[in-house]
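Note that the chains take the letters A, B, C and D in the order they are written out, and that residue 1 is the start of every chain.
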Amino acid sequence: MTRTRWLQEYGVYLAVAGLFAFNLLFTENFVSAANFRTQLLQAAPVCIVALGMALVIGTEGVDLSVGAVMALSAALIPLYLGYGPLLAVLVALVVGLAAGLFNGFLVAQLGIQPIVATLGLLVGGRGLALVIAEGKLVEVRSPEFLSLGNGDVLGIPVSVLVAAVLAVGVGLLVQRTTFGRQLVAIGGNRSASALAGLPVKRVLIGVYAICGVLAGVAGVLATARLGASDPADIGLLMELSAITAVVVGGTPLTGGRVRVFGTVMGAVLMQLVRATLIKHDLPDSATQMVQAAIIIAAVYVARERSTR
Amino acid sequence: MTATTVQANRERWASLLQRQGAAVVLVVVIVVAWLAFPRFGSLGNLRDLALQSSFLLVIALGMTFVIITGGIDLSVGSVYALGGVLAAYGSQWGFFGSLLLPLAVCGLIGLINGILVARTGMAPFIVTLASLLFARGLLLAITSEGSTTFKIPGDAFFLQLGQGTFLGIGYPVYIAAALCLAGGVLLRRTRFGQSVFATGGSESSALLMGLPVARTKIAVYTMSGLLAGFAGALTASYLQSGVTVIGVGTELDAIAVVVIGGTLLTGGAGTILGTVIGVGLRNVIQSVINQIGTLDSNFQSVVSGGFLLVVVVVQRWLAQSRNA
Amino acid sequence: MLEAVEVSKEFLGVKALDRVSFTLRPGEVHALVGENGAGKSTLIKVLTGVYQPDGGVLRHHGAPVTFAKPIQAQQAGISTIYQEVNLIPLMSIAANVFLGREPRTRGLIDWRKLNADATELLAGYGITADVRKPLASLGVGAQQMVALARAVSLDARVVIMDEPTSSLEPREVETLFTVIERLHSDGIAILYVSHRMDELYRICEQVTVLRDGKLVHSGPLAHLPRIELVSMMLGRAVSDIREHGTTSFGEDHHASKEPLLRAENLTSGTRINDVSVTVRPGEVVGLAGLLGSGRSETARAIIGALPLDSGTVLLGGKPVKRTVAQAMRAGISLLAEDRKADGIIPNLTVRENIVLAALPRLSRFGLVSRSKQDRIVDTFMKRLRIKASSPDQKVAELSGGNQQKVLLARWLCTQPKVLLLDEPSRGIDVGAKAEVQALIDELAKEGLAVLLISSEMEELIDGADRIVVLRDGTVAGELSGEDVTEKNVLAAIAGTRP
Amino acid sequence: AKTESQNSAPSGPGPAASAAPQQSSGPGCTLAQTGYPKLDLKTTKIGFSQSEKEANPFRIAETQSIKDEAGKLGIPASNLLVTNAQSDLNKQIADIKSMLDQGAQALIVAPLNSDGLQPALDAAKAKKVPVVTIDRKVTQAPCTDYLTFIGSDFVAQGKRAADEMIRVTGGTGKVAILLGSSGNNVTTDRTKGFTDQLASATGLSIVAQQTGEFDRSKGQAVMEQLIQSHPDLTAVYAENDEMGIGAVNALKAAGKKPGKDVKIVSIDGTRNAVQLIVDGSYNAVIESNPRFGNLAFSTLQKFAEGNPIGPSVVISDDQYDETNAAQKVANAY
């Protein structure tokens, strides 16, 4: 493997390691279990959404509605929490599923381009969530539900565990299942896949549905962590963070390829960047410019090079 | 007139109808709005509608070129805001300061977008997402984290650009119209326009056919940056100050109107007229939502989102019935 | 005129060109031949600035040159038709012809003149369609003619054609040859790549043979025995090859009486109208017709990829549901004619491309079994002699012919009962072609029902037991047994036979 | 300055924090001076332009207070035009123009931004329609470009927050600031007031200023980072309650006692924050009063009757701390 190829493949890991090293050297109070825990906790929701996004991007699509879907799932939680946390979580996931199916229907059945199809829900979804919640933030007090946000299992925060399990699950899905292989093929060449008898529409709908459910999961975890359902702000601009994590992680936007672990690393990288900038108390202007530079650098390294 | 020419005419109309699905929807919406809300058709309202539309139209014009090459420019919202701030900042050096400073900086951002997209093969989505952040950061840096708002002196000639009127209609409307006309000619009647289409239609073919693909891409992103910056300057002139809070989410508006106008996001096909119609449609709907008045503010976005989908679905359906 | 000296080009370990020298002299028609993957297309791309050679130099008019981009070669008077059609499907036919050199008045494109010029130019190539329509409305063959018209009208001194006839009809081929003769008499040098021996001997003076990226022969063609040329391409002894005829089909097959596939009264828009075809197990039925006669459409209609206005498809007497997935489950597979658009998944590996359609069969509870896959992939890569560095190589990196074999393998591993083959030997070399033809034979013998679409008359006549002739989307005749002769088929195509 | 004025409250118990109109000095603006037509509020069309979605307590209370007051005055619903700019400045201008077009004769505007409403104000001026801006001042000239501004002084809010901060910390410690959204005047003013005032207390140092975008979850996330990198942090100033509550969440999760280990002062006066003071995990809240209805309409009424109106009418902002939170929590919005 040539050096450039190697960089292309492992650039994200290198960047994460580099940034980590930087923090070790130049950031006070960086090395502590509590700090690492904070970083993982904060990266978890983005990571979960990015996993779904990676699948969608693998089919040469994109889902702009994930943030709005998080808001929708958050808005429903307090309404059903009275019937027990389990039902509330279930409802939140079902609404994610429904949103995903809706997107999938628009993309697969009606043949609408993903950006526009999901833009509709991006614009309307959050509005709907706010209508449901009457524009209000509702505090959530159920301790069982809140434990999803700050509880631990074996010393690992629940949401980090959920993210890890989902990452492994999505990884297996992509590598080892018919569905996963078909998804990648459809992203690589849709018309050929159709002629090869692949259930193109079913796979596409499935992919958007998974993405919706994962956004629902992220909505649940974010709500639990915040201790409140806040449809106005939950998941705001999540679509861009998730897409960034996916692309920085080495999945090309042109489809036909999904890098699951890279996506996780992409989410971690962007989290580390944010944390580093806050810890060094950079002003917002610098924060945004530095993020821009890091995105460009990471994607530049991981880009698919043409043979010339 | 013979039967065949009647037939041919009818076919031509049918195909026009199908191609311009958005235009059909626009006409329907306007007629309904006119009937339902008598004030909708008032000269004042239409005039304001045209004026409001002109800023977004200038941005969407650049976006149309970018999308036809198969790209996308997410940075326009931030660049638009940056352009406004720079125009106000530049007003201390007079008219040309106000005009040239935003054009230079925003054009440069567009140029860099273009170079990154064309020369490194990075996805436009991600390149311009980064410059969205960058332009916003630059804006904050210039305005000391957004705490200063630059004013344009009340007697500045530059204010004419955004506030002057001719026959009761604001200059921005004429400027946007002129730019669209020029854009249309550029797209349809020049070799550059042809290579814009070819680049979006099939990049590898365009390369093998010897077209300047990279140069074309660089040019469209630069254009998009220039136009977004110019729209910002125009807005600054209209608002008499470099407002820092504008342009958030404008890139999505611009993309939406371009797509509503029938330009394919996959590239290779599209029209300026469609974009004009798309902008019109968006603003007419917004005006209608306002006229209804009683709609809960949160519900308004549900309606806009729903409407966007309806238009796109209808358009898709018309396109399909044409192909069948 | 144009010269390559010891050029090399390597792709990730594959030596596509290994110190190849090549000279094209003014006014000659020079054939470039070799097996699939021999490096022909690569040599062309190196000559025209698409690829930069890793080693060696190019000379133009004796002076060393480097073409950094295709446009530079074009400006130097070298114009090329690449192997895959390389035009812009969404743009109009006329715009494609003049892209980059549109006639202008006062700086603006003069569309009226452009359209008129394009119409006139294309008429010379037998294309009569409305030039304002999008290029995609033409069939592959017609698109190839447009590409040719474009290339030739560039006022080039050198014209390079990479398998221009692979998607052309006999009639179109004749048109092409007229054009080539005209160019030849104008003193223009032509580099011509084709796998069709007859064509080479008809029009070429010189020949260069490549094998595995190396130069094996270069010299005059006329007195080089055909068999020797083939042996050089394949790297096998002459005696080895003599045993086979020009095609590798055996005698007629013994088909059972009952048709397995019955497509009845298929009608879809203006493309096909009331087409009925039946295929029995163990039978090869040919579908003949001119370009655009609706052969591909018939095949696509049978597999369910083309919406039908009316008509039914029965398999073993049972109606087949109208989706590709259902048709495949019932046992029908289609090898599509456009390899790039409808065949390969470029980013995936050879292995993944082969097993793609058979995935559900190779997996349990949705989990794919790697070992089963490996077995199948291994079997087919050997059986079809697919040349790839490993099953994990990206299919986009294979040569055109090997990609075709990968697709054949894909369909065979679905274990179909009916195989629809649309131009199965397009763009594959003599060796591979013989293998494919032998394979078709073998499959039929095993009891498969095969519908064969081919623009090569010889392949159809020799391969098919029965031929259905289409004209303008309807069945113009059916020939079987003794009647299957070139003369009869041509007459049916032309409509001179009752 | 917490005197009860006339019935100014939105529904519910009478607010402690309500309007004590403090006419600023100056000549005042009269009907005669502007040449605007005489109005009778009960029969005229009145337009209200809200800037952001009603998606947070402040905006909900603000819009509600305008609607309630109109109802109280017997203004028919069809005569109160309400628009919402959805955080889009151009839309707000369009909204205002469209209301003018629909015949609005008086306007109440909650500006999205201090700058940039010039075209809308010009249009109102051309139609001789008085404009009262609420909650945020615009930079144009009162009386000529608009009638008057009713609202809080954000710089003063920041100052008062600093005073409270000095009080609760005893004047020593390390403070982190959770800033509002960048580019927003409210952020700028509340930061300026706070930092200027805090400079007087030499024992307090500001160790971090990071934006939480007025959002609870972002405030929480930033706070989590700050707790890790500044373990010695002793106080947080949040520029709105939501971020303050986010900080409380973060502190609790990190095993610290908000309100005790780390003092928290914020601005807004939402019920959730005031309740936290009652619970002992918060230290002080400076109110930003959203109940503009009464003042807005009465100011318009006075103007219509020919009385002079000062360039700004400051609405009084209450203040909640451990001494009064329990009694006043019902007044919080």
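In this text, contacts are C-beta pairs under 8 Å (C-beta built on N, C-alpha and C of every residue); 3 or more make two chains touch, one makes a residue touch a chain.
This is a predicted model, so every value here is computed, not measured.
A.B. asks: Quick one: name the chains whose C-beta contact count is the highest of any pair.
C.D. replies: A-B
A.B. asks: Relative to chain B, which chain's C-alpha centre is the most remote?
C.D. replies: C
A.B. asks: Could you grab the centroid distance between chain A and chain B? Build each centroid from C-alpha atoms only and quote it in angstrom.
C.D. replies: About 29 Å, centre to centre.
A.B. asks: Could you please state the distance in Å, as a whole number, between where the Cα atoms of chain C are centred and where those of chain D are centred?
C.D. replies: 72
A.B. asks: Roughly how many whole angstrom separate the Cα centroids of chain B and chain D?
C.D. replies: Going by mean C-alpha positions, chain B sits 35 Å from chain D.
A.B. asks: Can you give the whole-Å distance between the Cα centres of chain B and chain C?
C.D. replies: Roughly 43 Å, centre to centre.
A.B. asks: Going by the contact rule already set, what residues in chain B reach two or more other chains?
C.D. replies: 139-140, 145-146, 296-298, 300-301 - these are the residues of chain B that touch more than one other chain.
A.B. asks: For chain D, write out the residues touching at least two other chains, lowest number first.
C.D. replies: Residue numbers touching two or more other chains: 53-55, 182.
A.B. asks: Going by the touch definition at the top, which pairs of chains touch each other?
C.D. replies: Chain-chain contacts present: A-B, A-C, A-D, B-C, B-D.
A.B. asks: How about chain C: which of its residues touch chain A in the complex?
C.D. replies: Going by the criterion above, the answer is residues 11-12, 51-52, 303, 305, 324-325, 327-329, 333-334, 336, 341-348, 352, 356-357, 359-360, 363, 366-368, 410, 414.
A.B. asks: Help me check something: in the complex, which residues belonging to chain D touch chain A?
C.D. replies: For chain D paired with chain A, touching residues are 53-57, 59-60, 179, 182, 207-211, 215-218, 220-222, 224-231, 242, 245-246, 249, 253-254, 272.
A.B. asks: In their complex, what parts of chain B are in touch with chain D?
C.D. replies: 39, 42, 44-45, 48-49, 52, 55, 139-140, 143, 145-147, 149, 151, 163, 235, 238-246, 248, 286-287, 290-291, 293-294, 296-298, 300-301
A.B. asks: Okay, in this complex, where on chain D does chain B touch?
C.D. replies: That would be residues 50, 53-55, 81-84, 86-91, 93-95, 97-98, 100-102, 112-119, 139, 182-185, 187-188, 191-192 of chain D.
A.B. asks: Sort out for me which residues of chain A touch chain B in the complex.
C.D. replies: 62, 64, 106, 110-113, 115-117, 119-128, 130-131, 135, 240, 243-244, 247, 252-254, 283-289, 291-293, 295-296, 299-300, 303-306
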